[in-house]
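Dumping the structure here so I can ask a few things about it.
Order of writing sets the chain letters: A, B, C, D, E and F. Residues in each chain are counted from 1.
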Amino acid sequence: MGEYTHFDADGRPTLVDVGDKSVTKRTALAEGWLYLPEEIFHTVSQGAVKKGDPLRIAELGGIMGAKRTPELIPLCHNIRLDNVKVRCDLDGEKKAVKITCEASANEVTGVEMEALTGVSAAALTFYDMCKGIDKGMVIKDIRLLSKTGGKSGEWVAEKGYGK
Amino acid sequence: MGEYTHFDADGRPTLVDVGDKSVTKRTALAEGWLYLPEEIFHTVSQGAVKKGDPLRIAELGGIMGAKRTPELIPLCHNIRLDNVKVRCDLDGEKKAVKITCEASANEVTGVEMEALTGVSAAALTFYDMCKGIDKGMVIKDIRLLSKTGGKSGEWVAEKGYGK
Amino acid sequence: MGEYTHFDADGRPTLVDVGDKSVTKRTALAEGWLYLPEEIFHTVSQGAVKKGDPLRIAELGGIMGAKRTPELIPLCHNIRLDNVKVRCDLDGEKKAVKITCEASANEVTGVEMEALTGVSAAALTFYDMCKGIDKGMVIKDIRLLSKTGGKSGEWVAEKGYGK
Amino acid sequence: MGEYTHFDADGRPTLVDVGDKSVTKRTALAEGWLYLPEEIFHTVSQGAVKKGDPLRIAELGGIMGAKRTPELIPLCHNIRLDNVKVRCDLDGEKKAVKITCEASANEVTGVEMEALTGVSAAALTFYDMCKGIDKGMVIKDIRLLSKTGGKSGEWVAEKGYGK
Amino acid sequence: MGEYTHFDADGRPTLVDVGDKSVTKRTALAEGWLYLPEEIFHTVSQGAVKKGDPLRIAELGGIMGAKRTPELIPLCHNIRLDNVKVRCDLDGEKKAVKITCEASANEVTGVEMEALTGVSAAALTFYDMCKGIDKGMVIKDIRLLSKTGGKSGEWVAEKGYGK
Amino acid sequence: MGEYTHFDADGRPTLVDVGDKSVTKRTALAEGWLYLPEEIFHTVSQGAVKKGDPLRIAELGGIMGAKRTPELIPLCHNIRLDNVKVRCDLDGEKKAVKITCEASANEVTGVEMEALTGVSAAALTFYDMCKGIDKGMVIKDIRLLSKTGGKSGEWVAEKGYGK
């Protein structure tokens, strides 16, 4: 059964003590979407080659955001990430940017927050670059798809989850 | 007509030059939702008083995140925020945390990114604190509701927007 | 016999080379006090439940401060903390907030600075939240109570120490 | 009469809205002490010239700490400091380092936290550099001595204050 | 006649007090070169389109580095930059990346350090991305080309300067 | 044969996955020069004792810069440095500051970027402190001299390299 890991018995906020946890390979994969108004979708799909590519910069923003997770999230541990991979792709059907972030580490604690933060930072970076065209972008469905490693082992989002 | 403000004519990433823009009062209001699995919703609505309150810590995480916006978003200016207000409230019908962030500044550039980053950071902070119970939370519909100030003046999201 | 660990033979500031030190479990416990003018003491002891609780936010500020120690202290190493626990309690007799910070890590270097920084950051965070009532708060007696681990092993403050 | 400036009517943590406050010249002066065990006091007073000077590095640590105040204190505004001056002097009678920090800004909000953080960071930096000799140093009596500017105007610590 | 602006009369490190300086438009332009071994030069000039472009990422690294100047340089003020423009171009004759950074601000202090830091960060970012091919890159001739604004007004590097 | 380590097959920027690399002792030594106009060279060589010493502060700035490498360089991993040693010495013949930075870590990835960033930050810190005298300083020839450890093992700059 789950538990609040970030409050002690008196209700104080606390880091979780990871001193007795084992170093294992941890991975996490998160996903999210940024829905684009027509004009932005059109401009990005056409204009990227000629005018610079917000998808690539959003990926970089996502990687850098994932690296900063412990500064952004008050009760996250400073860990050493082995890998962060952020992908931003246009989805022509949804008129949206599909964002995924895969993080991994050989560490005593999981990298779920790093993966979720990477997706969020990529979405915000893209929004920032295109808000001069239209502010009507919407970030949707940021969620964890799967994780591995640690005592709780593998976790996979339920099918249809988040809908 | 809108434009890519963060690329120059050669496609290089660039800060927008705000040197000739006027200092005016700028505000922005953003909103987002964090959908909670049943057990988390139940625990937070019951247990908050006794065991510490993730809603209050998420609000604090949101404020601090908004302050860090220029570090997180590669092409955002460092500005001085006058105010950041983050609210996290349980919505019993949606089984979700409703998050709003209102930012304001007397500045040469807008505070939309600060408001959106505040919402994102609050959602991530809450997720982090409750992920020991269930990882099935989903961040949804982070979007700008309105902004005022600057050359482009007032902007309000269209009704039904983001659905 | 003790030595200046942060200057080399020529008087240059330097990180201490920890490359040959062993990874062992390191802990440190530090303590400090924030003396409160009557009105603040009264308001905090009464009003916390209804109006938000500066003690909890100071604890959070302390944890986050401890995590930032290597950024704040020029010659501290970046380490990975396993745990940080900050407690802020009102002491009715002293009319003060008693602050403790316990830090631990499996690392090549000690966590004394993290514990002391956690106490300092908690004290400053509390001061900030209550300075609108009265600026006459005083931070007193921040000191290390004990540490364990590493080559120098256990250290306990002398009785009566710091008085 | 004073008030909690960092909680709203519902008890939520909040930045204080400084949007309607006037830009005025703000100054603050804070003070603190770091009591030194005999061996450290002796070594610093003798050895500084030959082996590098922890007083100067502590001053630098204090200045840099003051600049980071809004990152360290959750509800502090990002402001632009005009000046930070940190002095660390040995006091032969008290066997202590006397630390003062003077901060100033033309801003909408005061610089008391910057002055207090500067003193704290200088004390911690000095502690770090000398802890290899003896961990029995104690930080004492960090307090605000005076401030000027803003709506509340001048404030001077009461005589005998903090004792 | 010039002077050490960052030491006071006692030799203490200090921020320069900018409280009485006027807000004027400040600009600075800096330049530097990264000399490339043949294989890197060849790969970047050929391969950029297909495999991602280190020049664009170096420009982004330069912009972000310029924004972080006050964190990196101990005695720099936190200022609000209006604009940062970094250009990285291949110079076929020198087999080098030519890097320029132009910074501007309406501020009480100059932006020379921001321009120089932007060039340095761009060079380091490029180095990092290509060091897997050959570590024999060399950063050369980072210097200020010109600045305007402030009491000292316009400054232009002498012809032949830095050779 | 070398390769672009920071782009994936699709040209996306990426951290290098270091999850399968071995922890070994890594060292790197970098060097650079800051050429000084006559007046600065004269003042620093004479005045240092009396008025504070920019060489020592530049060394400190270099150490702190090296610690911040992963924040400054977008695609660098957060690692734990064991040691950073920065030396700034006047070279009377060249009228320049010779800067070296030696970094080491027991890590899965190398410390070349940390050594190069330490040199760059020291040069910029020195420049900042002396720019009030003359802005005509030039940073020259920042390069890696040698590295050890990791799969690629030892690397030494070719003789005459960088000229």
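Following the convention adopted for this analysis, a residue touches a chain if its C-beta (ideal position, glycine included) is under 8 Å from a C-beta of that chain, and two chains touch if they have at least 3 such contacts.
For each chain, UniProt lists the protein as follows: A, B, C, D, E, F = Cyclic pyranopterin monophosphate synthase.
These numbers come from a predicted model, not from an experiment.
Among the remaining chains, those touching subunit C and also subunit D are B, F. Traced through touching neighbours, the fewest hops from subunit C to subunit F number 1. Ranked by separation of Cα centres from subunit A, the top chain is D. The mean-CA centres of subunit B and subunit D are about 32 angstrom from one another, to the nearest whole unit.
For the pair subunit A and subunit D, the distance between mean C-alpha positions equals 37 Å. Contact with two or more other chains is made by residues 11-13, 16, 52, 56-57, 60, 64, 68, 71, 74-75, 78-80 of subunit A.
Contact between chains, using the touch rule, shows up for A-B, A-C, A-E, A-F, B-C, B-D, B-E, C-D, C-F, D-E, D-F, E-F. Looking at the complex, you find that subunit D touches subunit E at residues 25, 56, 59-60, 63-64, 67-68, 78-87, 104-106. The residues of subunit C lying in touch with subunit B in their complex are 52, 56-57, 60, 64. Remark: subunit F residues 8, 11-19, 70-71, 74-75, 77-80, 108 touch subunit A in the complex.
Taken in their complex, subunit F has these residues touching subunit E: 2-7, 10-13, 16, 32, 35, 39-40, 43, 47, 50-54, 57, 60-61, 64-65, 68, 71-76, 112-113, 116-117, 120-121, 123-125, 127-144, 147, 155, 157-158, 161-162.
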